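Here come two complexes built around subunit A, the first alongside subunit B, the second alongside subunit C.
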Partner chain A sequence: MTVVAVRNVIKSYDGAPALNGLDFETRDAEFFVLLGPSGAGKTTTLKVIAGLEDPDAGEVIFDGRVINTLPPNERPVGMTFESYALYPHFSVFENLANPLRAPGRKLPAAEIRNRVDKIAKMLRIDHLYNRRPGELSGGQKQRVSLGRTMIREPAVYLMDEPLSHVDAKIRFDLRIQFHRLEALRNCTSIYVTHDYVEALSLGDRIAIINTGQIVQVGTPKQIYYQPKNIFVARMVGQPHINLLDAALTINGNEASLRIPQAGFSIPISAELRQRLEQVNVPQDLTVGIRPMDITINSETEKATARVRTDVFEPFGSLGLLSVKAQDIYLELLLDPDLSFKPDSPVGIDFRADRLIFFDPATHNNLLWDED
Partner chain B sequence: MATANSNSRKRKVFFQKLVVNILLLVCFAFLLFPVFWVTTMAFKSHDDILTWPPKFVFKPTLENFQNITTAIRTYRVGAVSSDFLKGFGNSLVVTTSALLLSLLTGIPAAYALGRFRFKGKNDIAFTFLTFRFAPELLVIIPIYLIFQKIGLYDTYIGLVWVYQLITMPMVIWILMSYFEDVSVELEQASLVDGFSLFHTFRRIILPLAKPGIAAASLLAFIYAWNNFIFALILGSSKVQPVTVSALKFITAEKLRYGDIAAACVLAAIPILILALYAQRYMVRGLSLGAVKK
Partner chain C sequence: MAEVILRNVKKIYRSKRKRKKEEVLAIKNLNLTIEDGEFLALLGPSGCGKTTTLRMIVGLESITAGEILIDGQVVNDWTPAERNVAMAFETYALYSHLSVRENLGLCLKAKGVPQDDIREQVNQIAAVLQITDILNAKSSGLSGGQQQRVSLGRALIRQPSVTLLDEPLSHLDSALRLETRIEIKRIHQQLKRTFIFVTHDQMEALALSDRVAVMNFAELQQVGTRQDLFETPTNLFVAGFVGEPPINIYPDSTIQDINGDRYAVTEKGEFSFKLSKEMKAVLDARHRKTVTVGVRPQYLSLFPGAEKESLAANVSVFEFLGEIGNLTVSSQDLDLSVLAPPDFDTREEKIIQTYYDPKRIFLFDSETEKNLFFEIV
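Let's turn to the complex of A and B:
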């Protein structure tokens, strides 16, 4: 039960900045996901919280107490490493038991055995006790690494890309397991990843990090539907959000977004127009629309835009259609059972309530507000 | 066609292998012949050694070994103390102490140089290396004068100290790369597990660097054991190691080839034992250190 706060942390390595005034605060017992591209400073953030790296400036605060000077072995944290960092000369059992053998713990052998058994059974690694880390698969290593972190019963879990090096199927299984592990649910966890699926699936809240700064903090829904800027919008969602250069055209009572490169206009409602006018939007905009928010209109003549199909990829659970509208391509997420002939005309509609408006100069979401 | 082709290729491969093996045999013979010859000399009588043409078949004798292991022998011209056994003991004492001292101080030094970034790190590492490639003769006279002044001449401490020039760079430079190769995250995992840096070093880092320690110890031991010039100049009868005591077999009466050969054979035994013992670490160790996984 710990609230972790990171206040204005600056850290650089040999003059190369890694963290530039990083600032965020978790809630108690929250699963907090740090999502960002590689090199954004995610791992450094965890190492600063764990005390493995000293910040050049700023504070790390646990429950209101500044702990900058506390050495890592005295902080109530457990950490899993991206490389797993299992001790190669120890058996799986010894790896798991290692935190219990730390000086000052002095637990009797039977107690150690019990606690290791409990965790190992939960993670289904109790049949591997006598193996060395070199003899384990990636998924097994990951579970041993997680077990070693959990066995200490830390107040704060720090997890560095725990699923990035295991193959897709095991990643799926382990992700489900992360949901089920009570220890993780009841403690404050900070989970680092570059995979937005993990972030959306696991996070109570997600912090988007880039170049050593927090870009946006919010619930998965907020991050997905109300991205603060183009960077966040592109960070989540696969395929990427469609970004179109648009001009807001007002013709009497009718307002629409003209997309010059695509040769069509998207009509917008009076209410949306009002909201846009309230924030004084510039005439030229960048409009974002997620592939799932573009639909096929079977009556091509009545559709908002008439485009030509390019490539259709049916993936089993979803179908990905790429269409060409004059000079640009758009991506659509559709039912995989559909079929399309290449280069045939098709009509598409846009869910106008899902449009996201960005300032083309600053890349910021024009309608974004804190809540 | 195909068969003819594969036949000619097979023949080509066969001849290539033949040439390579013959060349290897020549190198092997060239390198090992002196060792073989000294070993046979050790078992020959003085007359057999000096005959021409050299004898490959002879009646082996242990006379030479008896000569050198008997503490004091009386020759026709005066009495000469061979002191070989004492030299052997001195060698063991000085070399082992020098190695232990080097490990004790060199392991932490190598760890610091391999792991941490600090000002002047490369200069310090390079300075240690220069100890190794600077010729001993360059420093021997000043060291001799200093040792005379401060009373370290002909003492074990003095020799152990000066042997650090040989063993320390070896330990530091070999282990540095080993410590660099131990993943920082292992160390950090242990810190997060609740261990202090000292415990982490003992429990995680040292065991992982064991092959490197074995390799470095073996090489350092061999170089220190084989040292001649430091021991010759800086020590007298009290601390003389085996390399120097073999000189005593050059007597006024004659060059005692058989005794010298026997001394060589005996002196090589500790190194052989150590090499056989450390071999498995060595081969694995040297390649592990060289190739990053």
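Let's turn to the complex of A and C:
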């Protein structure tokens, strides 16, 4: 039961800034994901919370208490690392039991056994006790590593890219396990990743981090559908959100977005027009539309835009169609069982309620609102 | 015509270690035809023989037995230069002290092509690859993605009859990888030349190629379109290696008759999948009791539609993944992953119906791991 707050933390390494006034607060028992590109300051943030790095300025607060001066071993945190951090010469059992054998703990052997059993069963590694790390698969190593963290029963879990080195199928499986582990779900967890799929799946809330600062904090759906700016919009979603230069055109009662480079206009509703006018949008905009939110209109003549197919790439669950609209390419995600001939005409429509409007100068979402 | 045929190709690596002769079988007995103008992906885990296959086609590896034909001619004894095959490497292999233009024009210069023609051809290929603006830059200063394109350009400029790509996207970050992937497909569509592409990434293989050749343990497992690999995987390996989210697999399932219909029932009776009439006939001819069941999440639906049968299970974990949703349902302790719309709302329900088409339930032999349906066909 712990709320972790990081307040205005500044940290630099040899003059190179890593954290630039980093500021956020988790909720109690929240699974909080830090998502950002490499070099954003994600791992440094975890190290500062764990006490492995001292901040140059700012505070780390657990349940209202500033803990900047508390040594790492007195902080109620458990940290897992990208590189497993297992003892290669110890068996799985010994790796798990080792944190309980720390000097000063002096737990009886039977209790150590009990606690190891409990964690190992939960993580489904109890059949591997006699193996050494070298004899384990990546997924098994990662579960042992997680077990080592869990066995200390920390109040706060700090996890640094725990799934980045396991193959796709194991990652999928472990992601589901992370959802189910009561121990994780009942504690506050701060989970670092650069993979937006992991972030959307696991996070109660996601904090987008860039250049040592928090850009936006929100639920997965808020981050995906209401990004604060273009950086956030491009941080989630594959392929990237389509970004188009647009001009808001008012003609009597009709409002539309003219896309000069693409040679078509997207009509917008009276309600949306009103919202745009309320915030005094500039006439020139950058409009974002996710590849899922552009659809094929089989009645080409009635479609919002007539474009030409470029390439179609069907993969597992979806197919990616790239189309050419005059000077620009747009990307659509469709049913993978469709097929398209290259360079043939096709009609497309836009889900107008999913359009996102950015200021071309500041890159900020013009209709973004904190709540 | 640039058809490539591999006929009974075998490759054994022989080495002497500590005076002991060692033999490693790299390619067992490969028969594969790559059609003129086709884009074929060689897909498999590391060590499966895919790169060896590529190197044998280009002529960097000799073959132990069998024949390789390009344009109908056996090229076993031809040098790489004689084969008119070009290869773009995983590591870009560019000359760092030369400019992009010089890197691209090098092989034409070596052939004695006149300066003006070289200039013209370099400009053309640069336009296709969108690297015109960096033609005068030294290759050492380029980003990974730019180097990759230059490397690709150098392979293409020779106008080879066959272009081979060895994991050309592996060193790019995910955004650039997707962009370059589309670019490569675009180039293939424009040039309509034979492309052979090696990758361990199933999504890349499906996205780019006309057909995928899946390899494992030095053997070709299956060659087919996305649809072939999805709907009719020949064995458990192909079913598991191709497809994401991954296929649900239930070993030790049993075949049971329930109310006159035939079902595959998972080990402890957690899930029962009704089987098609066609499958019933296969089973009658084969007398199987124990099988491995495979069900793709993509072939399960949360809405009644074309899928006629259904099963009830507990809602366990729903993941909003942006473009898709993944619902994990469970029965006792067994999971079933179902592809769902991203905005699917499961908060209200504890038990949910999952719909499926019996024709899309795969059964694999417990021993050989072959798809039972194709064993008799």
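In this section, the second predicted complex is superposed on the first by the 370 of 371 C-alpha atoms of A that agree within 3 Å, B and C clash if a C-alpha of one lies under 4 Å from a C-alpha of the other, contacts with A are read in each partner's own complex, and residues count from 1 in each chain.
Going forward, contacts are C-beta pairs under 8 Å (C-beta built on N, C-alpha and C of every residue); 3 or more make two chains touch, one makes a residue touch a chain.
As the structure is a prediction and not an experimental result, all values here were calculated from the model.
*Asks:* Between subunit B and subunit C, positioned on subunit A by superposition, is the outcome a clash or a fit?
*Replies:* Subunit B and subunit C fit side by side in the superposed model.
*Asks:* If we overlay the two complexes on their shared chain A, which of subunit B and subunit C does A:P76 touch? Say first, second, both or neither.
*Replies:* Neither: A:P76 stays clear of subunit B and subunit C.
*Asks:* Of the two partner chains, subunit B (first) and subunit C (second), which one does A:P360 touch, if any: first, second, both, or neither?
*Replies:* Touch partners of A:P360: none, neither subunit B nor subunit C.
*Asks:* Under the stated touch criterion, name the partner, subunit B or subunit C, that contacts more residues in subunit A.
*Replies:* Comparing touch counts on subunit A for subunit B and subunit C gives C.
*Asks:* Between subunit B (first) and subunit C (second), which does A:F315 come into contact with in this model arrangement: first, second, both, or neither?
*Replies:* Touch partner of A:F315: subunit C, not subunit B.
*Asks:* Rounded to a multiple of 10, tell me what angle the C-alpha centres of subunit B and subunit C make at the one for subunit A, in degrees.
*Replies:* Placing subunit A at the corner, the angle measures out to 80 degrees.
*Asks:* Using the touch definition from the top, say if A:P17 reaches subunit B (first), subunit C (second), both or neither.
*Replies:* Once the two structures are laid over each other on A, A:P17 reaches no partner at all.
*Asks:* Applying the document's definition of touch, where does A:G263 land relative to subunit B and subunit C: first, second, both, or neither?
*Replies:* Once the two structures are laid over each other on A, A:G263 reaches no partner at all.
*Asks:* For A:G104, is the partner it touches subunit B (first), subunit C (second), both, or none of the two (neither)?
*Replies:* After superposing on A, A:G104 lies in contact with subunit B but is clear of subunit C.
*Asks:* In whole Å, what is the nearest CA distance you get between subunit B and subunit C after the fit?
*Replies:* Taking the overlay as described at the top, subunit B lies 10 Å from subunit C at its nearest C-alpha.
*Asks:* Does any part of subunit A touch subunit B in one structure and subunit C in the other, and if so which residues?
*Replies:* Touching subunit B in the first complex and subunit C in the second, no residue of subunit A appears in both lists.
*Asks:* What does subunit C use to touch subunit A in their complex?
*Replies:* 174-175, 178, 181-182, 185-186, 189, 202-203, 206-208, 226-227, 240, 243-246, 297-298, 316-317, 319-324, 326, 328, 335, 337, 339, 342
*Asks:* Could you list, by residue number, the parts of subunit B that touch subunit A in their complex?
*Replies:* 117, 183, 185-186, 188-196, 199, 204, 207-208
*Asks:* Taking the complex as given, what residues does subunit A use to touch subunit B?
*Replies:* Interface residues on subunit A, with respect to subunit B: 14, 47, 50-52, 71-73, 77-79, 81-83, 85-89, 98-99, 102-105, 148, 152.
*Asks:* Hey, which residues of subunit A end up touching subunit C in the complex?
*Replies:* Touch list, subunit A to subunit C: 168-169, 172, 175-176, 179-180, 196-197, 200-201, 220-221, 224, 234, 236-240, 291-292, 310-311, 313-318, 320, 322, 333, 336-337, 342.
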